[in-house]
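Both complexes below contain chain A, partnered by chain B and then by chain C.
Moving on, here comes the complex of A and B:
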């Protein structure tokens, strides 16, 4: 092989694993999904062209819109809770504490545990009659809570569990952010007589602003993909109050084999997430 | 990287190919080879059979295959349990798409066969020699009607059933002064009222007359609503002539009965606990279950725990046999099979009287054949396993699943209304059933071919 040709081929050969990956696992599924949105297909029968029927159905599908609303409700509880707790924990874990490394590792542990395992564990904790949480409440003379069987509470219960599962990751991110704030700022503030709250409000928060926004974006994207928790714990109930958009799309695809319609929902949902993240990004850039 | 600066000779392209790409290509080829269907097996004189991956069924399948291969060395059957996956349906779908389906698969849920049959991936068995005679010998006319597809063909051989019945704690019922099982709705509710109790005085009931799944998943309705509906209606189908057939007094009565069980706290609303079996702990007096419960209870029950089975509760004044859902599983032949007649002959050998008896002995599951309890070999089994006798008697009055391509969605709709009416009381039984009927008919009309 002429050396000139070899020189030209080599870079392509080196990047080919990545290109193959992108074509097989990104481009092909996306293009195929877009094609599917115009078809009716149950996997084993031939595809049937249905034009824009799937899109028309989407706009009339009350259950899909309910699932979007449920997901947004989940995000409304989950994101502030996650950021608040993660920031608080990170703040304390950034101080000189005994067993600091142990606590940092402990808070991170749920992140590396399988979501299914965590969900099954919390399902037992939330048990209406024999769950530990309700037994504790009763032993303190309080009434028990229908954690997963009250349509008004179930999504909040799931948000609490998801926060417990994911907060460790955000604690680490905030810790990184906190450690980049120069010590001299606090020393100057102390000399000026600033209280601890004022230091936190006027030094820490502005300094870790980019981290906060990164956490918001990661939480939003993660929250939109809410699936395992309702799938295992509630199957979308009670009264569809925990039916997340991802769970609904999954049910359409692998429960009823409506591949065309689920692809339509998936594409629409992806656009929605991109829109939300774009808005957040614009806000972030404005802040910076 | 600057290779010469690092003191290393720049590797040539052929060297890279040899050291990096060739091993990768070899691996890919090996992997592709491993994924490929065993071509040496393909041919018209042999058959590939997939069983479920349940231990008992694997043992039976090995027995059946060994017997066949001994007497048919030139037409061997190759056997393997279905590959592991989240569900057998997923595996079958993947195999269909990859065109790697076996010739025979046992353990397919009867309710799914219509979906596969109408998609054209199953062999219409009624086109095979001797199938109709075999089926008529094995099954009664009701079963045959139930498994006949809407296109007039038959795509499945009914194989086994696990009928749903009420299991009850004999000691508890005796202590309550009940000489027999409270089989009507009113007597069941009265017994439930008597048994309900707050044993630890914390203000909450912790002893219930029964429990059944409160989960929304469509298949959970096969284990509570559906057997109760069949019991009340004398085995009426829920789909008839491609329309909902359940907006009637029976379904409304079942919803009302179940609603009362929850409203009055006679049934626990907690999802089944993985930590403790509350039936064994005697916190529940009854539940609805199948014959698999016997083996489980014999293994885990406490000393002195005694139980028995009774058909599903029925409305007051019910006359005639009490039907139930039987969780039927069938055998099918996929259209990738090169010799469907040979595959059918093997199925026939598995479902011979000796085959069915071996299956019963090995798995404690009932074969779906008529007059089973009257056959001498079977009677000996039931004499030795008296708890199974109730299921054998129930087997004469069972229904499977209706032949509807959209049965999963139908049960999903019913499940939504069940949750709203039975568990949360936000709808009356009449409204819930009427809404379910309307939604099912919209679904069926929209998918009419």
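Moving on, here comes the complex of A and C:
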């Protein structure tokens, strides 16, 4: 091949593995997904065109809307808890402390462990009779809590577990944000007579605003993907109170093989996520 | 020591223990006879390997360990190689469509996976890759995020290095791998750790495309063991499986802790 032609083609050759990959596994699937939403299909029989039936069904599907509500309830508990605890631990970790590496490593350990392990573990911790949490409550003279069998509490229990698992990552992110503030700012404020709270509110908070924003977005996107925890722990129960949107879509697709309908759910859900993230961006991201 | 400092230490130690004790409990409980697990406090009364021997007999856990390792290694290798190549092209080569490609990559990153999940499964069915390791490996060979990290890293390398190599007659691929990569070791470590970890811990996709127990990944096998009836509601056996699943990562974490933390922190920041 003449060397000039080869030189011109080279970049395309180099990116071709990625190009093939992205067309095959991303672009084509997105298009196919949209096409699928207008059909009814269970893979074995031929596809059946059904127009907007799937969309109509979606809006009347109470179980789907319950799953969305559950996911939102989860986020409502999980995100503030996560931010509060992560910020608190990062704040203290930022002090001059011996054993900092040990503390940091401890908080971060659950982050790298598989969600499967964490869920199996917490399923036992939440046990009604034998769980460590209830045994502790009893030893303090308090009553048992039906963490996983009470439809009102179950999703909160999962939110607590998810916070325990992920907070370490956000501690580290907050720590990085906190460390960008020069000590001199605090010293100057101290000289002016500012209290610790005032220092926090006027120096620390604005400095870590971008980090808070990032933590919210990451937690939100992660929270919307909630799947393996309810799958293992409660299978969506009790009374569908822990049925996450992902779990519902999974069951529709791979339990019932409603391919067209689950594709519709998937697209709707994806748009919902992007919408929520866009909203959060609008309200939380402040100008520097 | 000041009282406030002491309280701080106590608080932080209590916090650290609240993250560590559950794992300790899990390991000890897995070594405890079934009947005594409910009363387990700080120290075990009796230790037994029964739960483990039962688990080994019921599920092909070692096979799944092999599967997970194989898949994770291949995925990591693919992401590193292809990510470096594409990142290099975006950073250092000029060609028509370069910006378009960049936007496509950004676009795929903003796309929630919920959209592509089902079509990808259907693709696996059509390719007859269901119940094959190909279904686990091939879709994982490229990562938009890795490409962006590589692009960013390569952009910091001065062009002169590349021009000099070209004048020496170096082919482009050799430039990428032999000359440029050694200069961006932190990026390679970050991408490597993140890819390996995500591949290892991924459960949803294996649950969808793999039904054959001999091909299951470790988290998948343990999940089905915990959820299905095979464990026969025996707590100790389930916990033994969970411990074994956690062990490889705990060992890797104990050794490479700083790299894990740095990698995930930088990935969070870049997001």
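Throughout what follows, the second predicted complex is superposed on the first by the 283 of 288 C-alpha atoms of A that agree within 3 Å, B and C clash if a C-alpha of one lies under 4 Å from a C-alpha of the other, contacts with A are read in each partner's own complex, and residues count from 1 in each chain.
The criterion applied here is as follows: a contact is a pair of C-beta atoms (placed from the backbone, for glycine too) under 8 Å apart; a residue touches a chain by one contact, two chains touch by 3 or more.
All figures in this text were calculated on a predicted structure; none of them were measured in a lab.
Enquirer: In the superposed model on chain A, is it clash or fit for chain B and chain C?
Expert: By the criteria stated at the top, chain C and chain B clash after superposition.
Enquirer: For A:238, decide between first (touching chain B), second (touching chain C), both and neither.
Expert: first
Enquirer: Tell me which partner A:42 touches in the superposition: chain B (first), chain C (second), both or neither.
Expert: So A:42 only meets chain B here.
Enquirer: A:254 contacts which: chain B (first), chain C (second), both, neither?
Expert: both
Enquirer: Output check: A:269 vs chain B and chain C. Expected answer is one of first, second, both, neither. What do you get?
Expert: The second partner, chain C, only.
Enquirer: Taking the superposition on A as described, I'd like to know which of chain B and chain C A:129 touches: first, second, both or neither.
Expert: Once the two structures are laid over each other on A, A:129 reaches both partners.
Enquirer: Examine A:144 and indicate which partner it touches, taking first as chain B and second as chain C; both and neither are also allowed.
Expert: In the superposed model, A:144 contacts chain B only, not chain C.
Enquirer: Can A:120 be said to touch chain B (first), chain C (second), both, or neither?
Expert: After superposing on A, A:120 lies in contact with both chain B and chain C.
Enquirer: Does chain A have more residues touched by chain B or by chain C?
Expert: So, of the two partners, C touches more residues of chain A.
Enquirer: Thinking of the overlay built on chain A, is A:10 touched by chain B (first), by chain C (second), by both, or by neither?
Expert: both
Enquirer: Is A:109 in contact with chain B, with chain C, with both, or with neither (first, second, both, neither)?
Expert: So A:109 only meets chain C here.
Enquirer: Identify which of the listed stretches of chain B (8-16, 62-70, 134-142 or 224-232) has C-alpha atoms clashing with chain C after the superposition.
Expert: Residues of chain B that run into chain C: 8-16.
Enquirer: Starting from the residues of chain A touching chain B, keep only those that also touch chain C in the other complex, and list them.
Expert: Of chain A, residues 10, 43, 120, 123-124, 129-130, 235, 254 contact chain B in one complex and chain C in the other.
Enquirer: Residues of chain A touching chain C in their complex?
Expert: Checking each residue of chain A against chain C gives 8, 10-12, 14-15, 17-19, 21-22, 24-30, 32-33, 36, 43, 89, 92-93, 95, 97, 99, 102-117, 120-125, 129-130, 132, 164, 168-169, 172-173, 176, 214, 217-218, 221, 224-225, 227-228, 231-232, 235, 246, 249-250, 253-254, 259, 262-263, 266-267, 269-270, 273-274.
Enquirer: Note which residues of chain B are touching chain A in the complex, please.
Expert: Listed in rising order, the residues of chain B that touch chain A are 12-14, 16, 21, 90, 93, 96-97, 115-116, 119-121, 202-204, 206, 214-218, 268-271, 273-276, 278, 406, 408-409, 412, 416, 419-420, 423-424, 426.
Enquirer: Report the residues of chain A in contact with chain B in the complex, numbered from low to high.
Expert: 1, 6, 9-10, 13, 42-45, 120, 123-124, 127-130, 138, 144, 148-149, 151, 234-240, 254-257
Enquirer: How about chain C: which of its residues touch chain A in the complex?
Expert: Those in contact with chain A are residues 8-9, 11-13, 15-20, 22-23, 25-26, 29, 37-38, 82, 85-86, 88-90, 93-95, 98, 101, 104-105, 108, 110-123, 125, 139, 141-142, 144, 147, 172-173, 197, 200-201, 203-204, 207-208, 219, 222-223, 226-227, 235, 238-239, 241-243, 245-246, 249-250, 253, 257, 260-261, 264-265, 268-269, 271.
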